[in-house]
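Paired with subunit B in one complex and with subunit C in the other, subunit A is shared by the two complexes that follow.
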Partner chain A sequence: MTNPNGNSPEPITPISRSSFSLQRYLPQDASITRLFIIMLVVFVLMAGISPNTFLSLDSFTSMSFQFPVFGIFAFAMMLSMISGGIDLSIVGIANLTSIIAASVMVRMLPAEASASESLLYILLGVAAALMVGLVCGLFNGFAITKIGIPPILVTLGTMQLFMGIAIIVTKGQAIVGLPELYTKIGNGSLWIFPVPLLMFCLCILGTYVLLNKQSYGMKLQMLGANPTASFFSGVNNTRVLLTTYAISGVLAAIAGLVIVAQTNSAKADYGTSYILQAILVAVMGGVDPRGGFGKVAGIVMAVLTLQFLSSGLNALHVGNFFKDFMWGIVLLLVMVINEWSNRRKVRSIS
Partner chain B sequence: MSLIQLSGISKSFAGVQALKDVSIELDYGEIHCLAGENGCGKSTLIKVMSGVHAPDHGEMRIHGQKRKLLTPIDAINEGIQVIYQDFSIFPNLTVAENIALNTELAQNRKLVNWRKMKQMAKQALEKVNIQLDLDAKVETLSVADKQLIAISRALMHKAKLIIMDEPTTALTQKEVSSLFSIINGLKREGMTILFVSHKLEEVFEISERITILRNGKNVVSERVQQLDRDKLVFYMTGRKIEESYYEIKKDASIPILQTEDLGLQGCFEHISLQVKAGEIVGLTGLLGSGRTELAESLFGLRSATSGKIFIEGKEQQIHSVQDAIAQRIAYVPEDRLTEGLFLEQSIERNMVISVVDQLSSRLNMLNQTKVKSTVQDWIKSLGIVAHSPALPVKTLSGGNQQRVVLAKWLATRPRLLILNGPTVGVDIGSKEDIHQVIRALAQEGMGVLMISDDFPELKHNCNRILVMKNGRLVGEMAGKEWSQEEWTRLQETTS
Partner chain C sequence: MKKVMQTSEFYVAIVVLALFLVIGSQSSAFFTITNLFDLIRSGIVPGIFVMCAMLVIISGGIDVSFPAIATFSMFCSTKILHSMHYDGPVLVAFLLSGLIGLCLGLINAVFISLFRLPTLIVTLGTSSMFSGFLLTFVGSSQISDLPKPLLTFSKEQIFKFTNDSGITVGLPVAVLVSLGVIVLVALLLRYTMMGRGIYALGGDAVSAQRIGFSPIRIQFFIYGFVGLMAGVAGMIHTTMMRNSNPVDLLGTELLIIAAVVLGGTRITGGHGTVLGSLLGLLLVITIQNSLILLGIPSYWQRFVIGALILIGTGVAAYQVKRSIMKRKSIVS
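Then we have the complex of A and B:
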């Protein structure tokens, strides 16, 4: 081990470890705590306005079919934003991959296939979608690192490119009529947990491990904070960025697969408004747009807050008119609160 | 009567006492030096004088008149001008625009009179007796020229007192002497200069009177003749620092680093040097002599285009930072803030980023226990003063920040440590501590290549010093035999 005297480091006592980790989480928790309070306030407010419709199992079930898609997009966006970049192509990737998956499942599946045969084609379709997502992400990463084009321009271009490919492949038509088994799984539940919600939880777990438990996560956050210093510190910046955009592509593909199951169709231009939503959720969740910082818990709470808000408004039957307005208000509110408390912190330091 | 007189000034921020009962008096036409270590309250005192901070207690007199509340505008109207370290200039504007902008703004005109602007700029530059292309974009100029622009701009406002905050930090020796002649010229015209610095040589060279602060308190205010180097160091740090030389105990046979005819197109050529175990080899030269580029080549940041590198006798290819780290070479870069540190990130992460792979398991899972113990070890062994390793590294003082950079590299257990400006912007006390760490490392068998502009630093810490000029090695001497005269001779005689 590394020690100036050459001896192995002494194991630290449990006492010092616990006091150490307490300090570690104190300063960072402030913004998470704020988000949690905002989420609670929104929840209580919505429950108070329409207790019967909002606080029902039906409403929660319908919510958990809705937020996973933009939640997964927000994770993809978070990773690229932590690296100091952005990935505008995620919805393009999601649509392209959903079309690939749907093509495999619809066009290649023989007319009178048995259940096990259709399962095989479904798995094939899913694998193809994840593969294409990975390749699309790597393509973004390659253009950013090897050619050196700024991420926002690369992904703006590939957003258009991926959508273009999807339009050519489908001739602009939606692919419909997916195997019943797939939509059944995609819209089904394990016990009381809807499959999309489980997919979302899987993404939470995966992103959390990547960011906080893996050396990749630390490298990513350091690179996002100062790419020059990470280069000087021996971090392989190219590799970290390639990995980041590849993961972003795979997450987008997962979102695409969830969309296919829910809509029972794949379309080249589905849900383009998800891109801006993903950016806003990421920023609201505390991801630093300048790179270097972001927490999984923050994203989860931001996603839930916005979902409570739109479901609550839906229960009032004003949802469609008020949703965007209220989302905008809440997002701005969170940013104003963050800005104020940061300013106060800075003032007390200087 | 004096130009400005501050007595009994106290100021605290959020419970931290930055200034405690500080007094300073500046006479007309004097060059006064404000000296002290980083964090001693120099900057706060300047800000009180220029109206940025209002003191909690104390009295301020300007031209003998008592001033209760001084705003920045008042200070400017009284002829007090501050030139900050970053010069506060606009890199994307031209020389003329930068000089005349403030006056233009002050006159509150809606349309720009370009002819008049250039005329004003020209006159301002004539005052300091220099010539610059008025239409040049400021970002294309050297640091010294930028500073001259800041000085010229200050003179536009009928300045009577010019406060210069660490003006020589980024200047070469030659630029420093031309700055000093400008300062002397201003003095002859009756200008008062407050020169803030912690570089001892400069303090003695330029100033007539010295006020020293330590921990926010006055220590002494004396004419320069009554002070010497030792006294000044003692007043600044509160402790005596002994001067000694570094010599190697035993001569290792195989050099850790050896280069043969190493070259990088357009930067340096025919560099053949050796660094043996236990040696601290100094490398100096003016900015642009190729010394930084040489260090960066050895560390794989830019590949050398010709020549060979031998590590412990074996030829090695070093084309990337990863290659260099694999050869156990470490590099503490020139610019701590942009190249060495992740300012917003925690102290802990800053210390382990270079060894993050070694601290991870097979599946790249970070071993938090190992991370914590590594961090604790280095905090202890380098004496880093921090409340918690989870705090952002930017909350540390310059000296502690540099120790974090050092820790990051020592954690990789290097055999060759390349230091580029190891104590730039570090206060004297920490500087001495860092030197001791480096010497101890060398004594344990590490090879050290130390690039520096700081002559006393080289003289007292290196057993050998190499001099570069125009991309070539032009001289070598023992640290003990190093002298300013020798340096000047090398710069003048070699082509």
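Then we have the complex of A and C:
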């Protein structure tokens, strides 16, 4: 802090900013290693505190039913954050899609349906949910790119809007009584792997391929680092942003489908605290909130770390409010550490 | 006149007026003193919050932690006063609550200005931290038997009227505190160097620093001031509800920010007026309180507010986009 350079505000001219974020690539890789170490430390710590409850197969099974939901939300948040925006509407989308899926499955399914018939309606419900998620995401993207409203405001508005639609559709009540087959699939396991965990793995794979094996990933990071530069190097910014928010909407819809299976109900105002958790996981996983950087591996490790921490605290019988307190502290600590190491790196280069 | 018509306050005022007329023509209950006082009463605490949110947004940040700060400081100070069976001037309660709020606001300021972290994420983190700490370590059950000075304060009313059916309606004295805060913020923004600094910082942080404003000092002032005001607002909430509930105010932040943004304050910083924000708040409160008078079921509220945010910000953003395009066509 004694260095005068450390106190000067971040240069915001295009040229210096792009070189600034190039330098960010180096420390972030170190932060993946750091995350891995943090994850191991938390794991060992929790295992040491309560070896009997934490280190059992039951506890791992219950964990693998819990983290997929906020893990998938974190991926949705990560994509929009890499683009330099933020998506506050993911939980709203998830609830809306889960309500659509549940109403398709519950209201349209005839009472005396055979197994194949109910499977058909389940597939129909899932398809409808994914469709609605896509449309919601595209709507976000449209408002951001075509009308030019800042992402935070768009998603703040659509968060209310989607939740509002969900409340209007259900008149504020929860939809219960889903087809048995659906909850059976959603809560079942393939061999020893729970279905939600498999969904999470699919999302990991999908996001990884998108970010690292497709040109979209490179374009997204360029756009997030510097929209002007990416525009002049031939990236169709509008299209990349539309794609980003659409994918974010579909991911949110998948999370909504997992929630429906787990709670056997769909509600308009379920799990609003997931927004904070998703931001926390994304930032902790090394996603730069100013845009331009994010790695799938970082997110996975952050998700696991938080789940270990949460399960370990559960074994100690602390309340949910204490967890809120912990999340806040962890979020701030991680950000401060990342910022410090970035600054040190920048200083040692210059 | 043309200048007035170009401001966003003008459009918000027209929307509010139109809404008033529509509701008034549908329901005779709307234009009564009772309903008017109801509207004002439900705007007392949000009125202060709106000023907090507006200051931060003008400076180029965004703060979602003020409800958590308000809850934390009101509950802690009520608990302290309650445990010592306090029986002195009511001013002490407000000072205590404000002081606690100030400290919490300064915590925000440390992360934001010294570590230069994004304001939204810092305040999300601190807000989760504050409310988690409050509910775990201080208490999670509400305090209903308030200390005596707070109770007497809550019963004092001004502007008393007796309406046709013989019921006396009045406003709580706390409305004066809100008015004071609003006037203070208006003066601060208009006539002081600090106010100019807040606009400058939000407009362009680098230029603000080049012309001699200290971003660190301004940010410490803003977040400290917001904490102080949130603490006071929390105490007012306690006196108006006549109990101290640690989960009451949480979750109101997004609606407040929506009100500020609807009032023409730009989320990118540098623009915003007290009048506009108040009009935005009036719009939101009217929708919340009086939509039902139009025969629209209350579960449409959220939808309408979401749509309003999108339309309101959309129109503003579209105008900016168009004016940039126009300027480009002149240059080329």
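Assume the second predicted complex is superposed on the first by the 320 of 350 C-alpha atoms of A that agree within 3 Å, B and C clash if a C-alpha of one lies under 4 Å from a C-alpha of the other, contacts with A are read in each partner's own complex, and residues count from 1 in each chain.
Methods note: a residue touches a chain if its C-beta (ideal position, glycine included) is under 8 Å from a C-beta of that chain, and two chains touch if they have at least 3 such contacts.
Please read all numbers here as calculations on a predicted model, not as lab measurements.
Judged by the touch definition given at the top, the superposed model places A:K219 against subunit B, while subunit C stays out of reach. Of the two partner chains, subunit C is the only one touched by A:M326; subunit B is not. When the two structures are aligned on the shared chain, A:V154 is found in touch with subunit C, with no touch to subunit B. Using the contact criterion defined above for the overlaid structures, shared-chain residue A:S233 touches subunit B, although it does not reach subunit C. By the touch criterion defined above, A:G292 reaches subunit B but does not reach subunit C.
Common to the subunit B and subunit C contact sets on subunit A are residues 1, 9-12.
Within the complex, the subunit A residues that touch subunit B are 1-5, 9-12, 16-17, 20, 23-28, 213-219, 221-222, 225-226, 228-236, 292-293, 347-350. Against subunit A, in their complex, subunit C makes its touches with residues 62, 111, 114-118, 120-122, 124-133, 135-136, 140, 205-206, 209, 215, 251, 254, 257-258, 261, 267-268, 297, 299-307, 309-310, 313-314, 317-318, 320-321.
Contact residues of subunit A toward subunit C in the complex are 1, 8-12, 86, 143, 147-150, 152-154, 156-165, 167-168, 171-172, 272, 276, 279-280, 283, 289-290, 318-319, 321-329, 331-332, 335-336, 339-340.
Those residues of subunit B that touch subunit A in the shared complex are 13-14, 301, 321-322, 324-325, 331, 333, 338-345, 348-349, 352-360, 363-366, 369-370, 372-374, 376-378, 381, 388-391, 395, 408, 410-413, 441.
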